[in-house]
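Quick one: this structure, given as structure tokens, is what I'll be asking you about.
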């Protein structure tokens, strides 16, 4: 007999041990599955480390930071107008909505308010970015659950909304249209008529998605009762947006706080659902798109005449102070805690993004579900990676 | 093909064999290519408000050749820790099962590769071989996603072979034969309560069996809503994750060729196969069928196949995916009991009439 | 040429002092409720009428402040973060690398509700029934930045505290899983501290630093353009 | 046990879309053959009107990404009126924008006090190498031809105070 090398010996011992263990009891060994960072269900580079027993998750935890861009640090070396260009890249699907709370916080510190026309147009664009964002969610939801057609419908109809945003602001994804004290420019002629048509198309899209996806029994069996978040837990984790409302908490920052925006000038409804499961979250979002089209429809009819920019100095210096402004963004509550020291740029900006809080519940939520349910739950929580990592 | 002897051309054995091989290739690849172009490229695109491939050839009809060319150029990559022999073998097993399957499909009164008595029995047995290929592909890839995909495929096979077999049993009872040619004959020469205007396509008299069979075919072909073994959004193509280049191409051909062959079998079992109702032409049995049916028959079968594949693909492009455990529950608790009842009712009615 | 015309008068900063003093009963009541619940643990408070409430609590009663907030109905956890009050010694990275670095004032001045230390932890909780939020602040000792964790009070604080730990180097005692949230495990330094340089702004000179070359024959270079 | 209607409705939606695509045409365009016109305001690329630029450096200094590089020198220009003193003007030597860094925020266009920078909806200027995205003033000047007129405004707009 030749001598075994160390390596062979070790593997032999390991094999013996493994056999012995199988003989001892038919225990299955766990498996660690890395979902991501490159995975179609993670909308970017989120990584989920899941410990599996068969197809069941023993524990799972997201590992963030693959796209951390350090926006909070970057804001400290930029002036206030420059920060606007930065923050609309946080949630890149609803970027105009990211600018608004920051601008409102700066305006609050300066003690100014945008003119009524600017507030109105801001609200319209805000809702348009919500529609663009959430309609893509509705399509993407289908892909996550295996239906390939809805996403193309979503891209098709989102395109109309993006064209509107681009027509008004010049930027499809990153408008950078909001200015301290108002808006960069007024709406171009013909924009309102086009908006009216697009809103009709979007409502038809909602009906189509409802027929294609939400009415489908397979979809319902995949989402109902999956990833139930009770009311208390949702509040403890600071969930917001549709995730919170799907757990039965009637809380919408558009309605429940007074901001210099035009939401209170339209007649709309806050949808809630009591189930708290994935279906409820998706359903609430579907209804929200419909409400948003209603808001836009009402607001475009009542835009007051006047300037879109109040008088602000050319070089903007924000007085010393601290301000917190949050708005109900497509993904949930998006807030900026702005600290100014009277300088050209902010001293510190804490970006409270919705997805960060929404995703922080996942380790709790993913215990004991199956692998396909991970995808369902992630899809229904609806995160955007830039919004988690900032 | 045996068409050779029908057309009264006497050929040596090797020439006949060569013709059969070529015929087999045509019978597998032509439907596969047509399905990919018509359904995967065009129908899916139209259902999604787009045009699909348009650049290669008129209306993109040469796109498939471009794709094949692209795949053939690609480097043959396999994972370092893969079981290389098995890894390379797996796609071939999948494709081989398709070729084995097409061997029993009758295309006309005399146009068949083989015509043996236990035809459907053989077809169902051979179709399961492809899942073996999928299972070992999943295992040999040394990838956790592939492993999960392969295991899901295995579970799916066990769950869905059974309802499929049970659904076929209803047809077998009604036709009184397991020979596919006899089943075609029984449908086209038959009559529904004495009315023979349509013959007796079993899609009418075996409607429940047809639905179950189609659901099982959908699962067997791993098309949505039963595409868990592939599941792009969860398992990133499951057992195919690690395959690239021409090995992926073989899987791809296998997938759609199997879809074509299964659709052919479904049309033979339930839609009357290559035949038209015999009463239209006054035929009574197989021998009285005119010779031109050997040319027209394959076209009729092809048309029926496209109809069946249309439904399969339509469902695929519209529905989300089941979860694995829901699929098992659906198979064992719904499909199998129903198909058992179907067999019982069929048997009772068979005896009664 | 002046880099930024600073001569402009800021017309709007003065408006705030002109407005009559508004007393915000609701928000003052919030401060009172916190004071009665926490006793002398409330060090300082600040109410901006019609806007927001800031309450600073003692370092050792941070967790008790969280528990009190929950008992007072502030069940919704909004965020938790920290602020480094030391002005950055690097400015905005627009210095000329050929010249010696300018002296910058790094005097620490805390914001609303005061403070004694360089670092402060800031958390916001909201009462969803009344739509009122409270910003809770707490000083963190400069030499030993340790503070109680809120995870047992608000489960959602878990990730926020992990972020605050890696970004500011503040330890949260009792945190179940004090790993880095975003950064690699072996990352050195705490990026959101002001003395952590933003390298992207240091390795590259500011393009705005160059100026128009003066006339070869000398002459005035005070005004550019027409 | 699935109920039938929901499943059938879904099939109806896809079939309806298919028939719409066949009868009314697709929603996509075949890109290299047909092109969509971007809106007038579309921020495609920054064009430079070199004659207006006084190399005042405002754009380079307000750029959040530091992607504008300007060099200039002063020289004497002939006087405007006959008999006047020769003027001192800034001559632009270099005006580069690194489009690999540019965020397309439009701050430079906005701060430019002399109307030298404009947005053009032109979008077909991709390059195979990232370094080739640094465009000089000649290239930026070529894009001036594609700059459209500013659009009319919607009713009720106040044009005052805007440039």
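Chains here go by letter, A, B, C and D, matching the order in which they are written, and residues are numbered from 1 within each.
The rule is simple: contacts are C-beta pairs under 8 Å (C-beta built on N, C-alpha and C of every residue); 3 or more make two chains touch, one makes a residue touch a chain.
Because the structure is predicted, anything quoted here is derived from the model rather than measured.
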item: Selected interface, A-D versus C-D, where C-beta contact pairs are more numerous; value: A-D
item: Longest centre-to-centre distance from subunit B, chain (CA-based); value: C
item: Mean-CA-position distance for subunit D and subunit C (Å); value: 36
item: Chain centre separation (subunit A, subunit D; CA means) in Å; value: 28
item: Rounded Å distance between subunit A and subunit C, as computed from the means of their C-alpha atoms; value: 24
item: Separation of subunit A from subunit B, taking each centre as the mean of its C-alpha atoms, in whole Å; value: 43
item: In subunit C, residues with contacts to at least two other chains; value: 4
item: Residue list for subunit D, restricted to those that touch at least two other chains; value: 7, 10, 13-14, 17, 27
item: Junction residues of subunit B - those touching two or more other chains; value: 47-50, 317-319
item: Pairwise chain contacts, counting only pairs that touch as defined; value: A-B, A-C, A-D, B-D, C-D
item: Residues on subunit C engaged by subunit D in the complex (per definition of touch); value: 1, 3-4, 204, 206-208, 210-215, 219-221, 224-226
item: Complex contact set, residues of subunit C against subunit A; value: 4-6, 8, 10-13, 15-16, 51-52, 54, 75-79, 81, 83-84, 87-88, 91-93, 109, 111-112, 122, 124, 128, 131, 133, 135, 154-156, 158-160, 167, 180-184, 191-192, 194, 196, 198, 201
item: Interface residues, subunit A side, partner subunit B - complex; value: 31, 33, 39-41, 55, 142-149, 152-153, 156, 212-213, 216, 218-219, 221-222, 370-375
item: Residues on subunit A engaged by subunit D in the complex (per definition of touch); value: 78-79, 81-82, 84-86, 89, 117, 149, 153, 156, 159, 163, 166-172, 174, 176, 184-192, 208, 211-213, 215-218, 220-221, 303-309
item: Subunit B-touching residues of subunit D, taken from the complex the two chains share; value: 1, 7, 10-11, 13-15, 17-18, 20-22, 26-28, 30
